[in-house]
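In the part that follows, the structures are each spelled out as structure tokens.
What follows is subunit A paired twice: with subunit B in the first complex and subunit C in the second.
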Partner chain A sequence: MTDILFLAWRYLAHYRVKTAILVTSIALIVFLPVGLNVLVGQSAEQLTARAEATPLLVGAKGSPLELVLSSLYFESDVPDDIPWAELEAIADSGLAQPIPLDARFRARAHPIVGTSLEYFDFRGLRLAEGRRMAVVGECMLGARAAADLAVGVGDAVLSSPESLFDLAGVYPLRMRVVGVFAASHTPDDRVVFVDVKTSWIIQGLGHGHQDLAAAGAAAAVLKQEGNLITANASVVQYNEITPENIDSFHFHGDLGEYPLTGVIAVPRDEKSGVLLMGRFERPEVAAQIVRPATVMTELLDTVFTVRAYVVAAIGFAGVGTLATAALVFLLSLRLREREIETIVKIGGSPMRVAAILVSEIVVVLVLGAAFAGVLAVLASRYGSEAIRLWITS
Partner chain B sequence: MTRRVPILAAAIGLIGLALALACGTGEAEKPPGAEAELRDERLLVFAVAYPLQYFAERIGGDAVVVRFPIPAGIDPAQWSPSAEIVAEYQAADLVLLNGGGYAQWLKRASLPRRRLVDTSAGFPERRLRESGGVEHAHGPEGEHAHAGVAPMTWIDPELAIAQARAITDALIAVRPSAAERFESGFAALERDLRALEHSFAVAAQELGGAPLFFSHPVYPYFIRRYGLNARSLHWEPHEVPTEAMWTDFRAALVEHPARWMLWEAPPEAASEALLESLGVRSRVFDPCAQPSESGDYLERMRRNVEEFETLGVNQPAVSGVQ
Partner chain C sequence: MPVETMVQLSEIEFRYPVGGFALRIPLLEVARGESVAVIGPSGSGKTTLLQLIAGISLPASGTVTTNGTAVNLLDDAARREFRIQNLGLVFQEFELLEYLSVLDNVLLPYRIHPRLTLDSGVRARALALAECVGVSSKLDRKARKLSQGEKQRAAVCRALIAEPRLLLADEPTGNLDPDNKQRVLDILFEQASDSHSTLIVVTHDRDLLDRFERVIDVKEFHADRGKS
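Here is the complex of A and B:
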């Protein structure tokens, strides 16, 4: 038996290029469906984990998927607004703790998420440097955002204008970095976190300007009638909130009408969650409530359907590859007629010749499968990290 | 904005998105502050107004540590704490708010919502709007004023009791095991506040409908509670009113012939003398907005009762309006 394996091995080693091509082809055809399963499984697990860690999500009526992608992963289009009053209503119900989300602006490629301090406890984010935001105009960065923007505690981050050519649009706000979170390996790493009030200031709903009643502001006053002072266009509005001007920042209108892109609702218990969901069933309610885990499961079902098609296609390609490999072996038999005759003449039986040829095939298959196994292990251990780095680089 | 994301495209993009995630989460951030040891034993409570601090101390006793870290001589309504002090508020188990927009800095601060207790949330219908306030207009939103709700609810003992009840309920919610302690603290405080209320009511009855002036518009709840015939000015005790203000006052005195002016703090001697010359005597009614070495809330309110009682039994002689 050893001599048969020796001869088979020597043959394969002699034609190492042909052997390498065959082994690689077989390895890939085995690895692709396995690796795809592993990576999709890992991805689904991570997505599901974040969705399952977010019990309920409230947002404007529309696409639940858009709401979940926007609120959990800070991707997708900005959903329609819901008013702050929705958050107040959830809080007043006593059924759940509401956490506001206002994710509509960016600092370069990084989402600016307006929220409250409860979000950091809810997500288990741990400070690596600095402190939590305390007043408007301060921000905290996820680890990846801090690295990409090359800023740390004490530096500043500028919100990106919505449009370069919209002179009446939202102007950038310069925000002071007061804290940087340790890497959480979640979408939070890419985020510039601000208080939701800071987000409203970026949106122009709150602002600070020179005191129009002060003596030095005469040039900015268009007219004054009794207690009403009307400013002209030269009134100085601040684009950075500092200890010197923070007292001038104020908000206009009814706070209950202020916009949010979503609200995370953390119910007291399962029953409270069901009761809260029931409140949003009424047709007059302008908002929707979703279980992110359910939305993501539906999405993943679609992913798994796509995966099944891909695996089937790979299966067909695999059959083709094996047929090609068989053809290579059959053709090689013709080329090896003299070699086989020589083995027979020196005393090798036809059975022994057949055993040598079968051994060659088995060795190639085993090597291919082993190579595929190594690739699958690497994919399961480092695949998602490698692709994540590739995507975010 | 409501464009639907094609589910198939989203599904295909999902793998890439998901792979941008990785596993592992950190522990929840522990609130900063040097109070960690205290918090193991006692509740750490921060207030935005002195009376709330006093109420919480009376109710909580040894079970709470109550802080109101305002520097001396600063008006709490206008105070704007530094980010470092706001961080101390963040570390509290409870933050007691007066509500109605009192302490404007709250609108610019990041505080944990679930630890905020609006002590006047239970009586929105009894809040009073503040008059005045400079309006201004700029930008697309047009005119707006920054005047809000009259803040000093605690001058009305009935409202003070309601606020103390809200504090008690909040403390019990956080530390149910100390409910008995908190309830007994509240009961003692309520007795004191009811006694105050009774004394003020008796004094107000003796006063009848006699006209009064208050030097500042911080007493509307007190005026309403006892049905006083009072008008409020915008005079500061440490400033002598200008000639224009005196002129306006003389005119007001014709329509509203008051014999008493109640000040937030002892007025300047010149102001007092000028008022005397118009037949108007001065008394001090401390609104107790700030901590003071002159006593705690109850002691100062009792002095207010004593001052207020003198109005009905000691009417000054009219010397005529000039």
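Here is the complex of A and C:
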């Protein structure tokens, strides 16, 4: 047996490129369905975990999936707005604690999420350094955002303009970093958190400018009617909120109309949650309420269906690959006809020759399976981390 | 003292499947320990004669008796068993396994037959044979990387490793320079002499014939030509 394996191994080692291709092909055939199952399972687990940790989500009517992706994972397009009044209505109902979300701007590749301090407790985010934000213009960074932007407490982060060529559009706001969260391995790691009012200031709904009533500001006054002063275009608007100019920041219009991209609703109990959902069933309500876990489950059902098709396709490809490998083997038998004859002439039996050839196949299959096993172990060990990085990137 | 027969071909008729070429051998005997050269033009049946003696090819009629065994009456398995136990074969085109090293090629009979045990004594003999034929420095080299002469010498070592009673060599010196021709023949004769083996060598090289005790020209065994 040792001699048979020795001869089989020498042949495979000599034709190492052919052997490597066969081993890799078999490894991939075995690993792909297994790896896909592992990775999809881990992805589903991670996606579901965050969704299950978010009991209810309120947002503008439209795609529930977009609302969930936007509010939980800060992906997808910015959904339509709902007014701040919706949040107040939830709070007034006493059925749930509302947490505002306004995720529409970015600081380079990182989402800027306007929210309240309750969000951090709700998500269990822990400060690694600094303190929580206290006034508008301050921000707190997720661990990944801090690393990517290479900033820490005391530094500043600039919101990205929406369009370089839109002169009338949103102007960048320079925000002071007052805290950095420890890594949570969730999408929160890549977020720049601000107070929702700061988000509105970025949006231009609130602003600060030079005091038009002050001496020396006359050049910026277009007209004055009693206490109502209208500024002209030369008025100096602040793009950073500092202790010196913070009092000049103000908001115009009705706060109840101010926009949010979503509201997380944390019901007091299960019954309150059901009651709250019932309120959004009424047709005159402009918002929708969803259970993120349900939405993600529906998405994952689709993913699992697709996975089944992919696994089937891999299965067909595997059969094709095995057939090709068998063809390669049969062709090599023809090329090895003389070698086989030699062994028989010297005194080796056809059974011995067959044993050598079968051993070659077995060794290739075993190596392929072992390689697939290594890949599967790597996938199960590091797949979770890779998926986490993908989700938080 | 009577001469003991190692090989006897009696009333042999062998026809190739195509071409109408046939060998007819009324009687051919080779004594134990004798050295015989087989000569004849290309395609005249020299290799066929060796294959009949080895039981690789089977005659249409007649008996091939080698070392007391009617080889052509054995079944396939018994003939293979017989070959591995009694014969050393040097093929015309060496037929080394190119993915094996020289040493592994020499030891091949011990790896393909369960009755032969590959032990340290066999390995030592392989090294000694390689030293004798001048390929000891190439033992780790793959067969396909050898020159023609080196391949031939390695093939001779493989034929001798199991200490055969009958050594059949098909042009073992065909690709060698004069020095190496003599060297290979020396080792063949030395091995045959040491083990009282019989040596039958196919050769085209008439300069070597005087080293053999007897020369057989296969032309004398030719039957009809042209049609079967």
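Everything that follows uses one rule, which is that the second predicted complex is superposed on the first by the 356 of 393 C-alpha atoms of A that agree within 3 Å, B and C clash if a C-alpha of one lies under 4 Å from a C-alpha of the other, contacts with A are read in each partner's own complex, and residues count from 1 in each chain.
We adopt the following convention: a contact is a pair of C-beta atoms (placed from the backbone, for glycine too) under 8 Å apart; a residue touches a chain by one contact, two chains touch by 3 or more.
Values in this document were obtained by computation on a predicted structure and should not be read as measured data.
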item: Per-residue touch tally on subunit A - higher for subunit B or for subunit C; value: B
item: Which of subunit B and subunit C A:250 touches, first, second, both or neither; value: first
item: Partner chain in contact with A:15 - subunit B first, subunit C second, else both or neither; value: second
item: First, second, both or neither for A:5, with subunit B first and subunit C second; value: neither
item: Contacts of A:343 with subunit B and subunit C, given as first, second, both or neither; value: second
item: Touching partner for A:34 - first (subunit B), second (subunit C), both, neither; value: neither
item: Touched partner set for A:352, first subunit B, second subunit C, both or neither; value: second
item: Shared contact residues on subunit A - subunit B and subunit C; value: none
item: Interfacial residue positions of subunit A with respect to subunit B in the complex; value: 39-40, 42-44, 46-47, 49-50, 60, 62-63, 65-66, 69, 73, 75-80, 91, 97, 116-118, 120-121, 123-127, 131-136, 138, 178, 181-182, 184-187, 195, 197, 207, 209, 212-213, 227-231, 235, 243, 246-247, 249-253, 299-300, 302-303, 306, 383-385, 387-388, 391-392
item: Subunit B - residues contacting subunit A, complex; value: 1-5, 7-8, 10-12, 14-29, 32, 80, 82-84, 86-87, 90, 104-105, 107-114, 132-139, 141, 143-146
item: Residue ranges of subunit A touching subunit C (in the complex, touch as defined); value: 3, 6-7, 10-11, 13-15, 338-339, 342-349, 352
item: Partner subunit A, residues of subunit C touching it in the complex; value: 54, 56, 77, 80-81, 83-85, 89, 91, 95, 97-100, 104, 108-114, 118, 142, 158
